[in-house]
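In what follows, subunit A forms one complex with subunit B and a second complex with subunit C.
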Partner chain A sequence: MATATPPSVPIHATPPPRVVGVSWRRVDRVGVALCWAAGLLLCAIAAAIVIFMLIQGLKYLKPSLLTSHPVSDTDQSKTGGFLDPLIGTLLLTVLGTLIALPLGVVTAAWLTEYGRPAWFARAVESGIEIVAGTPSIVLAIFGLLIFQQHVFSFLSFTAQGNAVFGRSFLTAGSMMALIALPLIFGSTREALNAIPAHVREASYALGKTKIATIRRVLLPSARTGIGTGTALGMGRIAGDTAIVVILLGATLQLDPEGSIPALRTLTGTGGTLTSYVYNNSPAGEGNAPQKAYAAAFVLLLMVLALNFAIDAVARGRRTRWSR
Partner chain B sequence: MALAGLTRPWTDRRAERTLGAVASIVLVLIATMVVFVLAKAWPSFAHNGLRWFGGGGNVDDQLKAIFNSPADPNKYIYTLHAWPLLYGTALTTFLAVGAGLVFATLAAIFIVEFAPPRARAVLEPVVRLLAAVPSVIYGLIGILVLVKFVGEHLISEGRKASVIYVIQLSGSSLLVAVVILTVMITPIMIAIIVDALRSVPRGWVEGSAALGANRWRTMWTISVRVARPAIVAAAVLATARALGEAIMLSMVSGSVGFAPNPLDGLTFFFEPTRPLAATIVDNAEGLSVKPFGQTIYAFAAVLLVSSLFLSLGGWAAKQPLKRYAVRT
Partner chain C sequence: MESLIPPPIRRIVVEDPPTVVSGAPVHKPGNGSPAAFATIAHRQRPARLVAPAERMTLERLSVTYGQKKAVDSVSLPVRQGEVLALIGPSGCGKTTLLRTLNRLTDFTATARRDGRVLLDGADVDLLDVTELRRRVSMVFQQPNPFPMSIFDNVAYALREQAQRRPRRAVLEPAVVDALQRAGLHDEVAEDLDHAALRLSGGQQQRLCIARALAAQPEVLLLDEPCSALDPRSTEIIEELIVELRKEVAVVIVTHNLQQAYRVADQVAFMYLGELVEYGPVDQVFGSPRAQRTRDYVGGAFG
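For the complex of A and B:
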């Protein structure tokens, strides 16, 4: 799933001449031409998406949209902005990350540093892979099933007739954590694996226990990797729609439920930018493409920032382990 | 006692157990997921038997009948022949993975071998960008731009009239769904294939070059062949992703439980369909109606079991790669 492909050493020590040879057979030339076409097409698609979204975003995004609450109305000029979905996205992303981060880091640390018995370690490893491969729509619908059990009634609200609603920021956040988990786990493990053995041995030689080494030496050294994984995970959470539609209710405004002031929003339903875009597209009920474009533009900016900004920050800070 | 234990530094034994316990949460979760979803879905499968997977009747009418079944548990309606939905899922997935595989392999070869350094510097962020764009944005562009374009310019009136008694062609079609799905899954495949191509042992490549094979030949006959397991693994992972794509497909595929007919010639690509995942999203409001909810969970169960097998398949496909120490 890792889409980052760090520039590595080119295969050829001395690169062969860059020009396609005159003596090449026609088949070979066609092959090279197709490769060029694929590469250029890829760039063209990306450019088209970014430029199109930029134009639509700049055309329809007004500052007032970001600060006003959405209102349900048939007249498009009165439907307000998307402050609530924006808060929803931030809230859900933070919630999901808060759950996924400790889980992913601890699992990765256990797997790389302990990992005994071996069969169990392999099972955990493939378990994470299975979670990564499970469609988010299945996670969402499974979450609904689980959180409608009475044991979890404190996470959402109980309707009349003693039926647990199962939809809230808390329940959606915990399923969102599963989407971010494989990414956080993967990059943490990669970072831990990249730390050479002599660093651990030095720590043991000073009389540190294994767990102390993990906490004081290994995890601090791996924090760039952990940060990158977290950012990727946050981007994934912010961009997911299926869980929001099914587990958060995808309502227009935040609807707090319950009586405890701070927790009311968390146990209530709401919407995010993704569900706002979905509902305002021709596929949803709102059908206000301009609002959808504006919200999608904000969402795209957020997700791309999460994907690229961290990179720039992390670039200079990589710990080097040369002796 | 317990409090004192928390403040003292952990012994290694205890740390190992605690960390291991946290790690096993994932396994518990998967087990719970499989058990709960299958148990909830069981009535739908049990009532229909193997015919659940077969065709017959209009699947949308069947779903409506299930939704409107009487409140008496003994009179619940479960009859469902889900073939159009399964077929729609398979069709979108395989067409997109097939197209994406060719595209991704060529693009990966380009990135690794033929791209000038400057183009490579552009392509890497481009691949990441395409992977990062949320599916709802792909869906939005699809429904507002591509669907409109296909509906207005590519489908002629004659073509619309030719199938009007079966299905209405509006532009929301298999074609748009497959095109966008291909764009969505290609970056995943490119990332994996590039990694594998880069880790082909250098001696082999150099040996081929020394024997006089040109760069394309070397790439095609040595590197791509060595990376074949990675290409399979990439296809498997992409299949899992395409299978589970719900939001984008529900936006652009037309949301009609219709099985596009390849015998219609080109019209086939303009016919609407609706894969399983999109069906779940479209019908999420009905989950509280008991028999209907169970039917929806049956769809989820099919997706869950397929993705379990794909994870297994992906794991198996990646095994030969371990020889070259490729991490995917």
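For the complex of A and C:
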């Protein structure tokens, strides 16, 4: 076994000294500087929001606010807390997600794994794009129109004179689902498309059907994407105001309707943190601006926590195959 | 501005300077004589232990993608007890031919097939496709364990379509057996519940082989199973292939001529969709009849 002769060019040779400044054109320097400036500006804005809300929120936020019901009063000290809007936000978010999650995942799985006939796949795709592009206020008005039909009277309550009210957690949740749907659909589809073809074929090659492959291999592989989309969708639902104002009534307290215990709240009206902030801020009735700040801070914390959850999910356990 | 540009990454030599291995690479021209091959490649396969039995038969098989003819009227036997290697340059139809054997080409919308493929005398078109694929299993170029535990990966083929039944206790012996046949059991016996994707590349590929063996197939198709692996893992899998030919008919597609020489009993050389030469490995590498085969195994092209 002959040992190789030492290479004629030493591998650890000192690199030639870098000539700085000559190869950089002025346009490139300006471009890089602008990129830096844009990045710094964005960080500054984010920091400003968080710090400002932190100061305002911590100044006014008391634990009792989270546990006491809101009361309507012109005197701020007697307006109580925001327990009801907090419950409203959680309830509406869960409701919307429960509807949107299966719908979004199934649609994405159908489109990536079947997608035939092609014209129908295209139609589904543009349908979801239209839903994604529709402003939530338009969705809300549309929802009110639909849910005031007598067919949907079971979702809200029927007032005297046989008019369907159309506003309830169920109707608002249905429309909120449309806000989360495109996000869940999009990230699920992206995750499914990222799975290399040979992984599907490996499952088919073991005698598995398409549907078994989707259930046992593809959806488990896409769960990071599904989780990311769901969390994004939840953040959007928690932050939306238009649908709450129009379809949930934006009342101060939860206002159950009907007689069935668990269903009463769902068919009743209520409010969320967003509508609470709006109603109590100087822009709304302006009775309790301090509590509006405290509620806004809580809402910000919830959405930020969701975002960090997304990051944690996306970073943890990335299982990838080579293509 | 200086700090914005990272310094160029240099290769850091951590080991001793490489020693020259006495065997020259095969792709040098004029290396195709049997003597050259015998000195380079260490033969894995011992003499045949069982008499070969024909499991699959290809009769004038043609596959076209739109206008392009990928496989042109190929007739071949696939026998249990021996390893059949498909060799040839890229795009010559080896992989297409392999994928036709378990009807994976059905998924390619443009693919059209003529001729017959028989499994134990029965036309594969007449078999239920899921049944066919349980009997003709496949391992791919890239290791692709499913995102579940090692146990569930192997049990996957044994379970109902999308069910968790039969339960673990029922499947345990079959799973352990498959892992043993794939030579992986000793390494993972304690970690059957660990995620399969945490195994090393070579272990993942052996897991894929175990997965393919679990349903007791009659034919095992291997599509360049070692091309993503390191030499040590490759060696383990080659030994495994030679071992497996006793129980299943093995068809392997490979770009690596030395690998074909090491593991195969029969070699089929394909070029532009046609089967140019088929015969025992010593004949195809040692005294090829066709000029194109001689050029290819000699390294003149490919």
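FYI, the second predicted complex is superposed on the first by the 284 of 323 C-alpha atoms of A that agree within 3 Å, B and C clash if a C-alpha of one lies under 4 Å from a C-alpha of the other, contacts with A are read in each partner's own complex, and residues count from 1 in each chain.
As a convention for this text, contacts are C-beta pairs under 8 Å (C-beta built on N, C-alpha and C of every residue); 3 or more make two chains touch, one makes a residue touch a chain.
Keep in mind the model is a prediction, meaning the values are calculated, not measured.
**Student:** Of subunit B and subunit C, which one touches more of subunit A's residues?
**Tutor:** It is B that touches the greater number of subunit A residues.
**Student:** Output check: A:Ala202 vs subunit B and subunit C. Expected answer is one of first, second, both, neither. What do you get?
**Tutor:** Second partner only, subunit C.
**Student:** Of the two partner chains, subunit B (first) and subunit C (second), which one does A:Trp24 touch, if any: first, second, both, or neither?
**Tutor:** Both subunit B and subunit C are touched by A:Trp24.
**Student:** Using the superposition on chain A described above, determine whether A:Lys78 touches subunit B (first), subunit C (second), both, or neither.
**Tutor:** The answer is neither, since A:Lys78 touches no partner chain.
**Student:** Is A:Val32 touching the first partner subunit B, the second partner subunit C, both, or neither of them?
**Tutor:** After superposing on A, A:Val32 lies in contact with both subunit B and subunit C.
**Student:** Contact-wise, after the overlay, does A:Pro282 reach subunit B, subunit C, both or neither (first, second, both, neither)?
**Tutor:** In the superposed model, A:Pro282 contacts subunit B only, not subunit C.
**Student:** Applying the document's definition of touch, where does A:Arg216 land relative to subunit B and subunit C: first, second, both, or neither?
**Tutor:** second
**Student:** Applying the touch criterion given at the start, work out whether A:Arg315 contacts subunit B, subunit C, both or neither, answering first, second, both or neither.
**Tutor:** neither
**Student:** Hey, what residues of subunit A end up touching subunit B and subunit C alike?
**Tutor:** Looking at subunit A, the two contact sets intersect at 1-4, 7, 11, 18, 20-21, 24, 29, 32, 209, 211-212.
**Student:** Using the touch definition up top, name the residues of subunit B that touch subunit A in the complex.
**Tutor:** The touching residues are 9-12, 15-16, 19-20, 22-27, 29-30, 32-33, 36-37, 40, 103, 106-107, 109-116, 119-137, 139-141, 143-145, 183, 186-188, 190-191, 194-195, 198, 200, 202, 205-206, 209, 214-217, 220, 237, 240, 243-247, 250-251, 255, 277, 280-281, 284, 287, 296-297, 300, 303-304, 307-308, 310-311, 314-315, 327.
**Student:** For the complex, which residues does subunit A have touching subunit B?
**Tutor:** The contact residues of subunit A facing subunit B are 1-5, 7-8, 11-13, 16, 18, 20-21, 24, 28-29, 31-32, 34-39, 41-43, 45-46, 49-50, 52-53, 102-103, 106-107, 109-111, 114, 116, 120, 123-124, 126-139, 141-142, 144-146, 178, 181, 190, 209-212, 214, 235, 238-242, 245-246, 274, 277-278, 281-283, 289, 292-293, 296, 299-300, 303-304, 306-308.
**Student:** In the complex, go through subunit A and note every residue touching subunit C.
**Tutor:** It is residues 1-4, 6-7, 11, 15, 18, 20-21, 24, 29, 32, 196, 198-199, 201-209, 211-212, 215-217, 220-221, 317, 319, 321-323 of subunit A that touch subunit C.
**Student:** For the complex, give me every residue of subunit C touching subunit A.
**Tutor:** So the residues of subunit C touching subunit A come out as 1-2, 4-5, 7-8, 10-11, 13, 17-20, 22, 102, 104, 107, 129-134, 137-138, 140-144, 146-148, 156-157, 161-162, 195, 197, 208, 211-212, 215, 221, 228.
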